[in-house]
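What follows is one structure encoded as structure tokens, with my remarks underneath.
Each chain gets a letter, A, B, C and D, in the order it is written, and its residues are counted from 1.
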């Protein structure tokens, strides 16, 4: 198939609202639900995921924590040494080195998972909760500790550039339902209930090859999902979404809505969403083992009140 | 068995040095080794660990990140909100909340894993490397990214207080080889090559019940390992050590050596060592399932140059 | 005079509201005023202050930045080295050491100055501005840069413990108008229009001698001003208030109002208010020179959007 | 005078070492001196500075604290809100907003003063002290608290671009002794013993007009002092150096020595040196009042162990 960027089919605001309504899970798991689509992963799914472990290989899906400013990282993480083997050797004791890490949770360039309190649409969070649950000292509800026992299940990678034999999708490409299904077919996998969906656009590959660029709403763009694919994820009962960018096509092709994917996934569906994973270590293993399904174990830092967490998801083959 | 605190058998400095020599793995995996005892975990062990997944339950082994100062936490972590749904609803876009987390890596009260560059003895790090590999901008060798693809294997919990039917071991109790073996027998498990050893003294239980205390070398003490148990861990080829305190008995019963366990495990053995886990969520599951072995997946944040990482290890049953 | 703690005269909520109304400067300097009582300091006052410089001595009024947690400092400042002479000497270049400082602005234990956006009463800031001028990315109005060109004028120290020959006033002591006037008389000075009022209760002296205690509203208390003294400060057109605690008597003797002094000074008057100065270096110079007036130069860090700044005010004799 | 950039006269390493030797103040004020050239400011100089206060105007010499990354600011300062009027109005109490500021001390874009422990040459700090006085927890000697009681004296601005009627000196321009003397003559002032020397190259003016550029050693350069001017500053017993860049001409015209000015001023002379001031608010006042001398009061934050401090120097006219 020759690659050409899918011309985004512009969605009117009414169409967007219609999708929002169709995928809305408010009330599905009760008025005080904390976990949203994580409910789709049952103990059976965890067992099934573990049963996929055959070669015993493990691989990280995280970017290095980035302490260098750049167009997609205006507020870099900080890393300071705080102890450097200070005790004199003559004391006869071990000596220690230690450090401090500080980081914003969200933003490109940081592999992180969002809490359900992270994103509101029309002033409402998932389940209709008000934004006032987030105070200046942290979230009092739907914080990241909802996922403290881990996001553990079957990971399925759809490697979109592979479909066309290219290194990456171009900024602005909005991946459609048809394209997702073509990738499923080409790879011989299918997204099923309770799956952790790893969505690869090649965003990070492009970044490594061409350098960082501003892929945010005001920037030069990135490839992502078309808003209609959310209907498919909803029907399939996909539990979690782990993209290499943040899932958004920028600029957005939805009228008046930047970040439509976040609005649909987090605010409407209560979906477990991560951002900014890297699959460059993963892809060669998939190709070698000729399979795009594996066990995934991902756990946020146990941070009460936080709207998300940097993390390091692990795939086990 | 009636509980009475094991009277620590004081070790002379010469005996300590003898143990250090006996368990020393310098050169075992080559002069530029980065992973130490993580080598003990083979793909077979990973497969074996996955085969333990039967009920599909998952549980966190991490403490909440602690932002409150206390006797065991003089420099608490910081958590700040940096974005609070700032866009007006009228824009028609989703609104976001975001935050910043800053934390020292080491110290009590923070569930973290140590890099091999964290601890030197007599001016030498694991494999004889000089402390100068840690510069003021981070470690240039043996940093935490050595474990980036995860610490994945069979976890075995030895629940020491259970042996005597008490809630916790008292500060100053140095657990002996005989006591570890008694716990193995009582629980029907045995530490084997490639295992991740979860060592429970009840430290965190005591903290929850009685409040925090200074358990450091200058403080009121904690239960930990007797230095001779390191010989056993070395012989058994245990891959990783995950205690609820930091493994040390304080005050130390080794002449002139505070932190003897760190010196032996990290500087001599190159062992994968974590600190300050909590097993209060884990123990009830072990008791219900009548088993103290399970799959463990733990992954540090991918932090180049860091001497360790806060993390959230997950047990999968 | 024998010292006995002034029994706080409890103020009803209606009396408090009456004082608030009496001292309210809203609109006095226009609807968009940024500087409040700093307007009282004219160029003439600056000239007059400079004319007080006779001995040429200078002295700091700041506490050391505190990186140790304590009952009055639960979230200590952080200080990390970030560079340590890393270049090899052989390069022939100078080598550098550098560091990072992070701190909350407010709170006890940190000598700081408040911006007018720091304190609201009944949902209104100074000049009736809404609290919404402070967003999650900083204040958009009445931030600390209003004082960027310095708080420069005549400083007058009223050393209250000196009045009774004691080392400090006891927690809970609410200093009255009569007591302020007695101190003025004893020292031979008077607070005048445009003055920077240094108010010493001995708070820091007590802290040095007896150790830190929780002097906040929920804590064991501190000496401060009686709410009625604000009428005097208003009439005298005092420009700035620099106390050794935070000016509050705790527990408050105003019905249902913790922090009445902040409400009156900042929200009603638009007064330049600092917190947590130390006068232990200053007092001996005052005693030697037999004078309690001097030039003061104090400048916040130029921090756009900030609600205040740590600072180091200097007295010049 | 038509402006043309002074062609830097390259200095051999031997010539540089000769200057270092000529201006070296080691031992001048005793082996444990903390203050270096601050000793040149006597009480008489402070009195003289205060006597310059005639119009009563005050003006900041600081840049805004910069939280935006750029070519000359790769690790920007951070500013977070930590409290936002959280108490409900119904409580009847004042409500507060508060924030957190974190910043590296040194680097371009931050107005700061260096401690004497900040810069070593050939492994030696001022007074021959070893670099080991700076530990991973801070400096144990010659830290910034040496200046805690303020840098107070006569400020003299030499406005170099004014000499040629240009807006700024071009990067790479090394200002010579002859050019400094020409500026003195043109402005009718002279640098004298105990003065605070404000050196304006127009660096910040250029930055405002053309945008930020990397002016560091590896970057596109900046105007600064020629190394031979340090002999003049030494002879004149100038106490402090407050430039709008960092005083260095980059690239350096000294063989094998980047940052020669820092080496000479700090390591050899023990000079009070600041970096990155701005004089855009100051210059119009100087022009109006037709004078380039005034009182300066500058005070570092009282930060034990720090190698410097961000600060906000104030000029009083």
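Keep this in mind: a residue touches a chain if its C-beta (ideal position, glycine included) is under 8 Å from a C-beta of that chain, and two chains touch if they have at least 3 such contacts.
Treat the numbers as computed from the prediction; the structure is a model and nothing was measured.
Trainee: Once the contact rule is applied, which chains count as partners of both chain B and chain C?
Mentor: A, D
Trainee: Fitting the CA atoms of chain A to chain B, what rotation angle results, rounded to the nearest 5 degrees?
Mentor: A turn of 180 degrees brings the C-alpha atoms of chain A onto chain B.
Trainee: So which one's got more C-beta contacts, C-D or A-D?
Mentor: Looking at contacts between chains, C-D has the larger number.
Trainee: I'd like to verify one number: the distance from the centre of chain C to the centre of chain D, where each centre is the average of its C-alpha atoms, in whole angstrom.
Mentor: So the centre of chain C lies 28 Å away from the centre of chain D.
Trainee: Using mean C-alpha positions as chain centres, tell me how far chain A is from chain D in Å, no decimals.
Mentor: Averaging C-alpha atoms per chain gives centres 46 Å apart.
Trainee: Going by the touch rule set out above, which residues of chain A reach two or more other chains?
Mentor: 78, 81-84, 100, 102, 135-137
Trainee: Given which chains touch which, is the overall layout a line, a ring, a star, complete, or other?
Mentor: complete
Trainee: Which positions of chain C touch chain B when the two form their complex?
Mentor: For chain C paired with chain B, touching residues are 67-70, 73-76, 78, 81-84, 86, 102, 135-137.
Trainee: Hey, which residues of chain D end up touching chain C in the complex?
Mentor: Within the complex, chain D contacts chain C at residues 13, 42-47, 50-51, 53-60, 62-65, 78-79, 81-85, 89, 91-107, 111, 117-123, 131, 134-139, 145, 148-150, 152, 256-260, 262-263, 266-267, 281, 295, 297, 299-314, 316.
Trainee: Which residues, counting only chain D, touch chain B once they are in their complex?
Mentor: Per the stated touch rule, the residues are 78, 80-82, 84, 100, 136.
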